[in-house]
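Shared between the two complexes below is chain A, which has chain B as its partner in the first and chain C in the second.
And now, the complex of A and B:
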């Protein structure tokens, strides 16, 4: 089988709120000093799901695709170190500042160019913009079925068997291939590459494709092709000053708290 | 300017979900005299339409084939409603169905959807959608280059205003085929009061140290009253297997807006706050006085939850 993992490099979502800055003139996040960008966590988990399917099917391969600038090669290398076979970076200034639609269209064009893909694995959402659209839109672009927010991904004769997280619990889904699946953190932790694998991945060449290579026009991708227009990005107003409950003992602090809550008529 | 707005409704137990009613009310407020319509699919849909106060038209199918959500069955029905209602704006719940319908419907209509929005406004004839981004560290406002504008909307973003239900109901076709098939469903939501409805939510985090820590969290909820308080958890606690994912509060969990939210041994990461910052009062119990949760809490106790929580329970029992 040929499995594709879509991987995105993002500002570290664990950046403390105090270090998080926005440039309001450009509506962009200012990279936090000394905090390196990371592979979006859900994409690492999607890679883990794909690698397990690869390992269960002799002769399979995993290709990791990222849309991003030069630095995004690091996200590709990380998935290669985990055990993916090939990496493709979709890197073109024309791709910049796109929306979910142009991102998915560009990724889907690359998947079509690969040609023989059986399944695409994405994270449930990129942990920066948190839209949760790209996997679904890739499926629509390709005309494939899709199942989202997977907790586990298995296989049977007719395709993938997916357990996914739904509002009131879990749901089991059977999906024929080719298809797209998006993976959630409930799946579990991705494998941790060891040093020899990291070194081997560092030596691998990452294929680079631009707009022309994908048969796309510059007007269809990035900011030019996007349908959703970011007009304002700001930091939310910070909250109230906390009132720390007085008292020398837990009993005194608890009494102060309960009195406050009763005075507020909230319990 | 009068605007036509279509709400993609959802049913639970044959009744419109609270978010469906919120969206219909929100749409009525934004329509400025235009038509508000709602789609309802599944057993009881036609009868349930009457509850959608503020909508002029309902598009409904009572086909039980829609009861289990499969996007590929819902999409043609919702598209049939769009063809007739010709909306300027489509509102969808940020829910299990909505997360999947939003992007796929937008793609099929050659337009875009903004996900997980907390506010939609009409700015001089153009809809703007506002939503948290970067795990709640940022707020983003979007405009739309294409029509209709579409948004999935968080629970409790609009107030239910009530009013007269639809004056006409248009029948939608029954359920067709789906390539994906639902082969099983396991309900794990706690019985009784849901965290999204409770007036008090008591949540525990990784700082509880072990799954057993939730016994104390549950005891606090019980002391407040099992008819009022429900138990939630941080993702760290859920990932450790201490509590079910259905109880997770936050960006990738549930959004709760109780009168009081207790964060017990939770650090207050932005992704957690994304699910509880709409609470009236946040109470933080944490042994680290510098924990971020104290930046959003109204009341705080700095200390070990193992001694603080039993003391709060004792105090509540005094009545």
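And now, the complex of A and C:
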């Protein structure tokens, strides 16, 4: 089987709030000084899911694809160290500032170019923008079935067997291949890479594809092809307002608190 | 209540001096004898009444043959291990270790009762072996010297040390059979009874042989010589009341002679089969003991060229590590002081060493044959995995690397490097790590610090302190704040206190601020040597680029790493822990502790400042110079201090077992009745912050944990 993992490099979600800045002129997040970007955690879990399928099927191969700048090669190397076989970086200034649609379109083009892909694994959402669109849109572009927010991914003769997390439990889904699955944190932790694999990953070269390699026009990708326009980006004002509930006894104060919470539609 | 087991430095000194008492006494006896005894003709017939004395040499040849066989067997087993680097360095130091730790048994004496017992047995065996050798020389060589005054002195010291040996045997029997003394029974075997009862029989039968000979000869012929063999003489005098006939005496003599010879050689043969081999292995292991700091773990050279990382198979240990396994005497001292074991967690250093020893004996011969035929190829000779089955993962993770086991081990086994070697295999080769420790390692990789989820920045602590100088090479000291000192809320006041005190002392210093990254210690202790080397190399380069010469650290772990481990990466800096700098500043008068802090305080020795770097005094000196502060020692202190529970990466692990180590230690601190527990380590303070409320749920009168610097800050600047 040929499995593809889509991996995104994002600003560290653990950046201390005090170091998080937004440039309101460009509507962009200013990279925090000294805080390196990381692999989106859900994508690491998606890689784990793909690797387990690979290990259950002798002769399988995992290719990791990332759309990003040069630094995103680190995210690819991380998945290679976990056990993926090949890495492709979609790296072109034309790809910058895209939305979920152009990202999915670009990734889907790369998957088509790879040719013989059986399944695509994405994180349920990228941990920076939390849109959760790309996996669905890749499936749309490829015309494949998709199953999102998986907590377990298994296999039978007809394709993948997936447990999807839903509000009040989970659903069992059978999905024929080729198909796309997005994996949730309920799946479990990604593996810790073994050092020999880290060494091997360090020696691997990451293939780089540009717009031309994918047969796309610059107008179809990145900011130019985006369908979503970001109007304004700002940090929510942080503040704490304290209100002491009136009342002579704790019981009266509690009653006042309940009344207040009701009035504010909190409860 | 003064605590008898609390270790005081002065006490240690007197113990050392008292040790020479017996030697002085003996010399006095010799001089007295030489001056007063006229016995020119005193002497005895060697092999008196013995028909076939040559039989002794048959026994002797058998014993020597057995020992040679045993030695070859062992050497072949150790030989499957890897080379041990650096053994030929510092030879004089190694001889001094062999004398101090092997012959003079410095570690054995850390348990006073066992020290006396062991010295009695040891000295008795040494002296009586010499006595026997002299008899053999006198009897079977042309050299004749056992006569006259020397014969009488010889008789006296022979008896004296026979008696000393019996005292030792008595003490051993008392501990083994009449006292509620646990550690020697944790792995008790039949040989333990054989060894001690056997030695008692050898000594007693020796006295009987002599007593019957005296009864038959000296008592009638030279009653003035006989009392020199004072023990046997007394026994012989006792026998006179039985009015035995001469043939009876002679047959009793010959019977006890044969019994003595057979039991003595039988007992000596135990050396080959039992832990009695420690009489050779212990001094040899003292010689082999590392001569550099115990706080330094071995570097994996050319790590990127390795195929196997750490030790997953028994043949990946160095031969010295394999040798150590055979040196273990199962005394249980390591396990007795192991914080994990004390808290009921799944680690007993003694059982770990014994399990490895058993595994070596099981699979070693097969590996030896295999290596002989195929070299290093096809490493798996056993279906039982050493790491994971013989030694469980959770056992390896429970280790705090606190070094208490190594500190106590009377045969100088180095448990911690052996444990970390197996952790290296688990982490780098197998990627089998507890989830929370893995998170810490991943955080080190991606964020350069182990504190996942911190919302602080490396510069947060500077808020409100005005102008904090950034180190630019012009200052004398780099003040190294460390990840805990900057990213953990509780430790920020300590960082601020050290900063204010450094400023007050007039020191020229700067900090690195945002440019600090973890020096790698947690990665190394957790077994990720590769990550450690990357972090260490980076930081050594940063230090060199900034022309750092002298470093003051907040944290004893950073201190140990810079001081003892960075020289492995060509990073040689003068490193001070903040307590060392502050203690000096107080003594030189650049800091003055003027405001009283009236409180009973107890002091907790961190493992990496205390045991690993032998710094027990500087923090105590600071406490003593704070007016009003009254130091109350805990039961376990100085080199016997108990770990807080966080060491060896356990700060980032879930504990498995009956109790948490920090609860045990907090309980000991609370028992002193002090109102503050003072430490020198950000981890220890966090562990007490968590542990004290757990063992003392009432908020009222609850002990509070502080760093030495916080105490001193209050005294230098007054309470805010």
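As a convention for this text, the second predicted complex is superposed on the first by the 240 of 267 C-alpha atoms of A that agree within 3 Å, B and C clash if a C-alpha of one lies under 4 Å from a C-alpha of the other, contacts with A are read in each partner's own complex, and residues count from 1 in each chain.
Here, a contact is a pair of C-beta atoms (placed from the backbone, for glycine too) under 8 Å apart; a residue touches a chain by one contact, two chains touch by 3 or more.
Keep in mind that this is a model prediction, so the values were computed, not measured.
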{"item": "Partner chain in contact with A:253 - chain B first, chain C second, else both or neither", "value": "first"}
{"item": "Touching partner for A:220 - first (chain B), second (chain C), both, neither", "value": "neither"}
{"item": "Contacts of A:132 with chain B and chain C, given as first, second, both or neither", "value": "first"}
{"item": "Partner chain(s) touched by A:264 [first = chain B, second = chain C, both, neither]", "value": "first"}
{"item": "Partner chain in contact with A:141 - chain B first, chain C second, else both or neither", "value": "first"}
{"item": "Winner by number of chain A residues touched, once chain B and chain C are compared", "value": "B"}
{"item": "Touching partner for A:48 - first (chain B), second (chain C), both, neither", "value": "neither"}
{"item": "First, second, both or neither for A:92, with chain B first and chain C second", "value": "neither"}
{"item": "Which superposed partner A:236 touches (first chain B, second chain C, both, neither)", "value": "first"}
{"item": "Contacts of A:17 with chain B and chain C, given as first, second, both or neither", "value": "both"}
{"item": "Shared chain A surface residues [contacts with chain B and with chain C]", "value": "14, 16-17"}
{"item": "Residues of chain A touching chain C in the complex", "value": "12, 14, 16-19, 33-36, 38, 189, 191-196, 198-199"}
{"item": "Interface residues, chain A side, partner chain B - complex", "value": "11, 13-17, 20, 22, 29, 99-101, 124-125, 127-133, 136-137, 139-141, 145-149, 151, 161, 165-176, 179, 184-186, 226-236, 238-240, 242-245, 249-251, 253-255, 257-258, 260-261, 264, 266-267"}
{"item": "Touch list for chain B against partner chain A, complex", "value": "72, 95-96, 99-100, 102-104, 106-108, 111-116, 128, 132-146, 179-189, 199-200, 224, 228, 235, 238-239, 244-246, 251-252, 259-260, 269-271, 277, 280-281, 283-284, 289, 292, 294-303, 307-308, 310-312, 314-316"}
{"item": "Residue ranges of chain C touching chain A (in the complex, touch as defined)", "value": "304, 307, 309, 427-431, 433, 435, 438, 441-442, 446-447, 452-457, 460, 514-515, 530"}
